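These are the structures in question, set out in turn.
Two complexes follow with chain A in common, the first pairing it with chain B and the second with chain C.
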Partner chain A sequence: MSSLPQFLANGMVFSCIIVLGAIGLSLVYSIADFANFAHGDLMTVGAFGALVGGRYFEGAFPGADVSVFGLPVSFYLALLAGMAVGAVVAVLTERIVYRPMDAGSIELLITSIGVALSYRALVQLQFGAGRRSYDIGRGGPIDFFRETLGIGMTSRSLVIVTLTFVLVVALHLLLQYTTLGRKMRATSDNPSLAKVSGIRTENVVVAMWIIGGALAAAGGVFLGLDTIVRPRMGFDILLVVFAAVILGGIGSVYGAMLGGFVIGMTHELTPVIPLVGVEYDSAVAFILMVIILLVRPSGIMGGEAA
Partner chain B sequence: MSAAATLPVVGALNSTERNVLIGLAVFFGLLFVSMLAGVIQPRYLFFLLSLAGMYVLLTMGLNVQWGYAGLINFSVAAFWGIGAYCAALVTASNSPLGLELHPVFGLVAAVVVSALVAVLIGIPTLRLREDYLAIATLGLAEVVRLLILNEEQWTNGSAGVSGIPRLFEGLPFDSVIRNFYVVLGLIVVVYLFLRRVHQSPWGRVLRTIRADEDLAEALGKDTYAFKMQAFVLGSVIMAAAGVFYVHLNLYLGPDDLEPIQTFYVWIAVILGGTGSNRGAMIGGLTVVAILEGTRFLNTAVIPAGVDVAPLRLLFVGLLIILVIRYREEGLLPPQHELVAGGVADEKGGGPDE
Partner chain C sequence: MSPPDTSQRARGDAVLSIEGVDSGYGDVQVLDDLTMHVADGEIVCLIGPNGAGKSTVLKTVFGLLEPWSGSVRFAGGEIGGEDPADLVRKGVGYVPQIDNVFGSLSVNENLRMGGVARKEGLDETITELYERFPLLDEKRGATANQLSGGQRQVLALARALVMEPELLLIDEPSAGLAPSIVDDVFDDVQTVNDLGTSILMVEQNAREGLSISDRGVVLDQGTVRFEDRADRLLDNPEVSRLYLGG
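Then we have the complex of A and B:
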């Protein structure tokens, strides 16, 4: 199972996780105007939220074990629980920590490091430092993909890709066709102008944290489903998510989607690159980011990068 | 800034500084008493003080970058690790390089390599917004750690390096006392050097860049070059701290390069007072007090079964948030700034300043 199509399939799955993380990070960057280093650990919080949710919903009512697309119904409910936890934690953090601070973006950036460490410490206090999983049977590769494309694609991977697609399309529709979306785009473009036009920017900021937190949590749950749930999972992936945001152009949601796709693919295609070992997959994403900084610091779809 | 209105006499202590001084005296008094009472062994106490000295060096290094020039470096652990690994690999008896040279060569190698890496990372990032540097340096730290972990033929990988020689083997003191004197000497040299540098025209330009980069540009200064110089200087100081560490600890492994090390040093800088080298001393001491104090708690206060590592992490995290929120200038801010205000003052700046 180490052929190019297989790597591409793995890349699709990993890209989805990165895209979900990158969207939230980019939203915060554009509206709250700082690099949120706690975003990775927000993904961890979501993953553990779903872990608790999974325990709660497992066998809680008749039909919870019914399998939909190869995963039990209780998992989908746990995913929703994880996203809710991510959103609530994000909003609470904004209320308690970021909003009362009358500080510039650099002070907020350093504060977000403190927030990241606190998230991880609390998760570790509650669940220990060990590895967990969602206790869902590891179904084998789906026959259809094996026979037609020659790749191993499990139902987990398929669910991750499908749900990410649904979430991304939903976000696109929200941004383009709803009043909230228009307000968000306006606030991101020019906060002062949005404010004098009568938009309650505080509410927009809260909405942005809810969306960013929920998507980050979904990314964390998918990462936990694809690999394993552990307290450092989010921090370890944060850099790759940042690489995606910078590649796409800071502040651009659609850039984050594209950047997440490219970086996720590169990450999983590391085995194909000659002379570079698999253990350097994160390093390759980082080198790519540095090249972007040298060649086009504003990213693929970004504006200025003064 | 209210400090500008009632400018204190240079050298005189204000009330905060007096409190800090009293706190320090009490702290050292307690340490001394507990040493006499036999709670802390004298050798261990000197080891802790040397470790604190190393953190003071690291803190002063970061202070050059963040305090003087406003550069956000999240790869303190990497530059420290580069210095430490250079020294260890060049001098240790079980190093895969098999050189076993005198520690002086370790220091030279550490300075050269860390300066080179600093230039390489500075080229793509120092021209851009400051948050790019934060992200890129965090990435660099991870790459350095991965390289050290995986290139076993050069670094021994996860087994780490041991068999590192002690410093000044010939002198007639105990090794812990020697280490303490060495770090004390290093701190004095670096402190005096940085104080001189800070007051020089070069330091003045750096502080102008931190307060208002456009202003510095408008005055015809090549801000990129100045930032690069500050970045390299700070990184070299961090590498020197790493060199000292391997000769203190006599063992070095890739786990020592975890990113949390970087944030310990950040805590020290922020708590002590950004841009203040006296503050760096307080910060370095505080960090070791936190690290070793929580280890002590483990046996004394907390019931068995509670893991102390996440508690320490939580403490560090909350400390970062609270200091930035309530006391951004730190405990011992610089006494007199030639350029009014700092980064935080950009929005203020009334006519009375």
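Then we have the complex of A and C:
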């Protein structure tokens, strides 16, 4: 099952992980105006948060082991726990580290590298440097996809794609049809005007960090579900997430979604490119990013707020 | 759009009083012992040369700059250094000179953002604003980036009116606009005032600004040089020679 449809299916799963990471990174950039290098490790924090949550919820109550779309209910609860941990850690970091600094973009960027190292060190102190998993049976390919499309789509992959779709649609509805969403777009568009219009921008910033942190954590949990959970998992994927954000247009949430999809797909479709080895998957994604930026220097959707 | 609640004051009472205010940016002092006022229901036009501190007055009143000393009182209460978000809720509106609309948001969303602090009546007020400014009604689904300069200025004005402010601070409403559009914008400013909103307006286009104002204040080097009825200032030869281009 290494046909093009299979690579496309794999690309869809990887794209979902990148999209979730890229949205949060772009949200933070659009409001806080700095490239948050701790975002990858925030994904790791979320993944480990879900690991702890999974152990807590596993067998904790009748029905926790009941399977929904091939995964136990306890996993979904663990996902929510991981997202909550990601959101709380993001907000606390903003409150304790970034906000009191009251510094410029470059200083905050450098600080975020230190924050990333701190996240990773704390995770390693608590969980060690080894590999972990969510202790969920792998399961085989779903018959429907194998028979109709000829691809090996597991329950894990299906859940990742479905839940990412749900989260992205929910974010879209929030941004377009709620007062908070409009405030977020307004603050991203013109922070000083938002303030003089009466918007409590500090509350909007907190909402941004909550949403960005929770989505990053969801991306981390899905990465852990698709592969393994380890302390460097978020850091290793960070450059690809950055590529997605830059490709989509820095600061544009919808651009991040599109950029994440393009980069994720390209990453996984590398094996079908003649004469290019699979070990060059990230390089191919970056080359595509460079090519697109040569045509559109501000990214696919650059210049559009939130 | 219902007029602002000014029932506790008689027309002519000061809605804004600035007394002995020093203010500036960092260590650079711009306003020097500034004293002036805006009476209830009037338009006051603040004119003066570049760098006189006109915009600094508005920023100091609106909490974007903290007064170093002196008093800024709105409707009798001290507001110096208060958060702009709180001032909006108290009844002070502000239209910045540039970047005064949310470019990526639709006209309708811009108006809704102008009323985030309202607890009720938002939809009704926006409907009334569409009736008052039909061009906004025609463009309600368009993003502000798609509007012309004049249309953006009207949108900026309307956005500030959603809160039905008692006092509106307008920074150079004619800046960057074609001469043919300037009159329309000033007409809109006058209309806002007719509804009962007191206005403190900074204007580089001094003659035009004074022509729609009740009073004028000439600012130079951060302090008041002349203050009088607008028509008298227009007829004052010294003001005319020094500040109105002869």
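Before moving on, here are some points about what is shown:
What we mean here is this: the second predicted complex is superposed on the first by the 301 of 306 C-alpha atoms of A that agree within 3 Å, B and C clash if a C-alpha of one lies under 4 Å from a C-alpha of the other, contacts with A are read in each partner's own complex, and residues count from 1 in each chain.
Criterion: a contact is a pair of C-beta atoms (placed from the backbone, for glycine too) under 8 Å apart; a residue touches a chain by one contact, two chains touch by 3 or more.
Since the model is a prediction, treat every value here as computed from it, not as a measurement.
Contacts of A:I246 after superposition on the shared chain: chain B is touched, whereas chain C is not. After overlaying the two complexes on the shared chain, residue contacts for A:F14 are found with neither chain B nor chain C.
After overlaying the two complexes on the shared chain, residue contacts for A:F48 are found with neither chain B nor chain C. When the two complexes are superposed, the chain touching more residues of chain A, out of chain B and chain C, is B. Once the two complexes are overlaid on the shared chain, A:F222 sits clear of chain B and of chain C alike. Shared-chain residue A:K183: touches chain C; no touch with chain B.
After overlaying the two complexes on the shared chain, residue contacts for A:V196 are found with chain C alone; chain B is out of touch. In the superposition on chain A, no contact is made by A:F75 with either chain B or chain C. Across the superposed pair, chain B and chain C both touch chain A at residues 305-306. Interface residues of chain C facing chain A in the complex, by the touch rule stated above, are 62, 64, 84-85, 88-89, 94, 96, 99-105, 109, 112-114, 116-117, 159, 163. Partner chain B is touched in their complex by these residues of chain A: 34-35, 37, 97, 100-101, 103-107, 109-111, 113-122, 124-125, 128-129, 235, 238-239, 242-243, 246, 277, 279-280, 282-283, 286-287, 289-290, 293-294, 297, 305-306. Taken in their complex, chain B has these residues touching chain A: 70, 72, 123-125, 128-132, 134-136, 138-140, 142-143, 146-147, 149-150, 259-260, 263, 266, 270, 307, 309-314, 316-321, 324-325, 328, 343-344, 346-347. Listed in rising order, the residues of chain A touching chain C in the complex are 179, 182-183, 185-186, 189-190, 192-201, 304-306.
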